[in-house]
Amino acid sequence: MKPRSMNDEENGRPPDPVDWAVIDVVDYFRTVGFAEQAIAFQEQEIDGKSLLLMTRNDVLTGLSLKLGPALKIYEYHVKPLQTRHLKNNSS
Amino acid sequence: MKPRSMNDEENGRPPDPVDWAVIDVVDYFRTVGFAEQAIAFQEQEIDGKSLLLMTRNDVLTGLSLKLGPALKIYEYHVKPLQTRHLKNNSS
Amino acid sequence: MKPRSMNDEENGRPPDPVDWAVIDVVDYFRTVGFAEQAIAFQEQEIDGKSLLLMTRNDVLTGLSLKLGPALKIYEYHVKPLQTRHLKNNSS
Amino acid sequence: MKPRSMNDEENGRPPDPVDWAVIDVVDYFRTVGFAEQAIAFQEQEIDGKSLLLMTRNDVLTGLSLKLGPALKIYEYHVKPLQTRHLKNNSS
Amino acid sequence: MKPRSMNDEENGRPPDPVDWAVIDVVDYFRTVGFAEQAIAFQEQEIDGKSLLLMTRNDVLTGLSLKLGPALKIYEYHVKPLQTRHLKNNSS
């Protein structure tokens, strides 16, 4: 179930992260308060498909982020985005 | 259940670690005998929310601490703080 | 069950990855869009037998790849190749 | 159950590792044939309390020891010391 | 059950890996086609007792080997040697 089309988002990103390009991932983390960390997603070439495959350990050790922000990025953003994607695609 | 208000603590830290800023985390570890290690929490920008998300492995490998103090910091402080937070917020 | 002989493949690689030499592994990843990453398989001397033994963690941390491509290489290629090999050899 | 007092040991170490200072830990490993590796316990400030908290992985990766001796130090010394401590304190 | 005495092996190594010195471990890997990798076992001082304690992860990350050969060394040699040792000593 994808309730919204790709172009009806105010922020310009496709509604489902699976369709995000690397720049959309970077833009997302800038928007939610992790401007300093967002660049790491670009350096590691994380697009939406990769983002949906990331485990907690990948976020904490694979992006060379400081531990404090990394813990919050996974718990408050990566995990919820993955859960939402799974729900939207499970029926 | 949060039995005490944010300002009735003698040490000046909010009672629930979830409300601690990075400086409160640093101050806590200084107070409990890990002055030398406390600075690592500042370097990794660990606030109370991040502290509550830390696993044993995060403490041992993500803070560049010596192994001996790191083992005790996790077992005698981080784990009990997490347990207490969970209990205080579970009813 | 190996339905095709070693030489009837258009791409010149043996049909079962277990028979791939290192150069076949490199060639495979070049063909499927990971030209930049393919060289890492050569550097680590990954032949088909080794490829079939790789876990997700091996792909993410043992090849010095950027995290984004590494996640997709495991999920979309290494894992399916291993599954296909297992199916073809299980009866 | 602590059957012996702290001072009746010939080797001068408290009978229960939980009471060992860092120097006792170092002294123990010197005595049992790991003189070269003992210094690593000092460098990482491992006292008896920390020693009792160490996992196999901590011994193998947190002390910068060569793999061969590390494997034997864990299996033949750290693990038995932990087991003995648990037995002596479980009734 | 140790069906053969220590001296009836053609290759000069004790039949049970538990009795191998570091040089026997090195010699074994040279003999089975991993001459280039054998030296790593010497550098890490792996004797037979340590070899029998090695996990897959120890072989892949603790010997500084290239990933391809490391995967095969564990799967085709270390694991079978451990299994054989267990069988020979379990009744």
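Some observations on this one:
Each chain carries a letter (A, B, C, D and E) given by its place in the written order, and its residues are counted from 1.
Keep this in mind: a contact is a pair of C-beta atoms (placed from the backbone, for glycine too) under 8 Å apart; a residue touches a chain by one contact, two chains touch by 3 or more.
None of the values given here were measured: they were computed from a predicted structure.
Chains making contact with chain A as well as with chain D: B.
The two sequence copies chain B and chain D touch through a face in which the numbers common to both fall below half of the numbers used overall.
Look at where the CA atoms of chain A average out and do the same for chain C: the two points lie 27 Å apart. Taking each chain's centre as the mean of its C-alpha atoms, chain C lies 44 Å from chain D.
Arrangement of the chains shown, judged by which pairs touch: one closed cycle in which each chain has exactly two touching partners. From chain B, proceeding by way of chain D and on round the ring, the chains are encountered as B, D, E, C, A. Residues 60, 66-69, 71-72, 75 of chain D are the ones that touch chain E when the two sit in their complex.
Interface residues of chain B, counted against chain A in their complex, comprise 22, 43-47, 49-50, 53-54, 58, 62-63.
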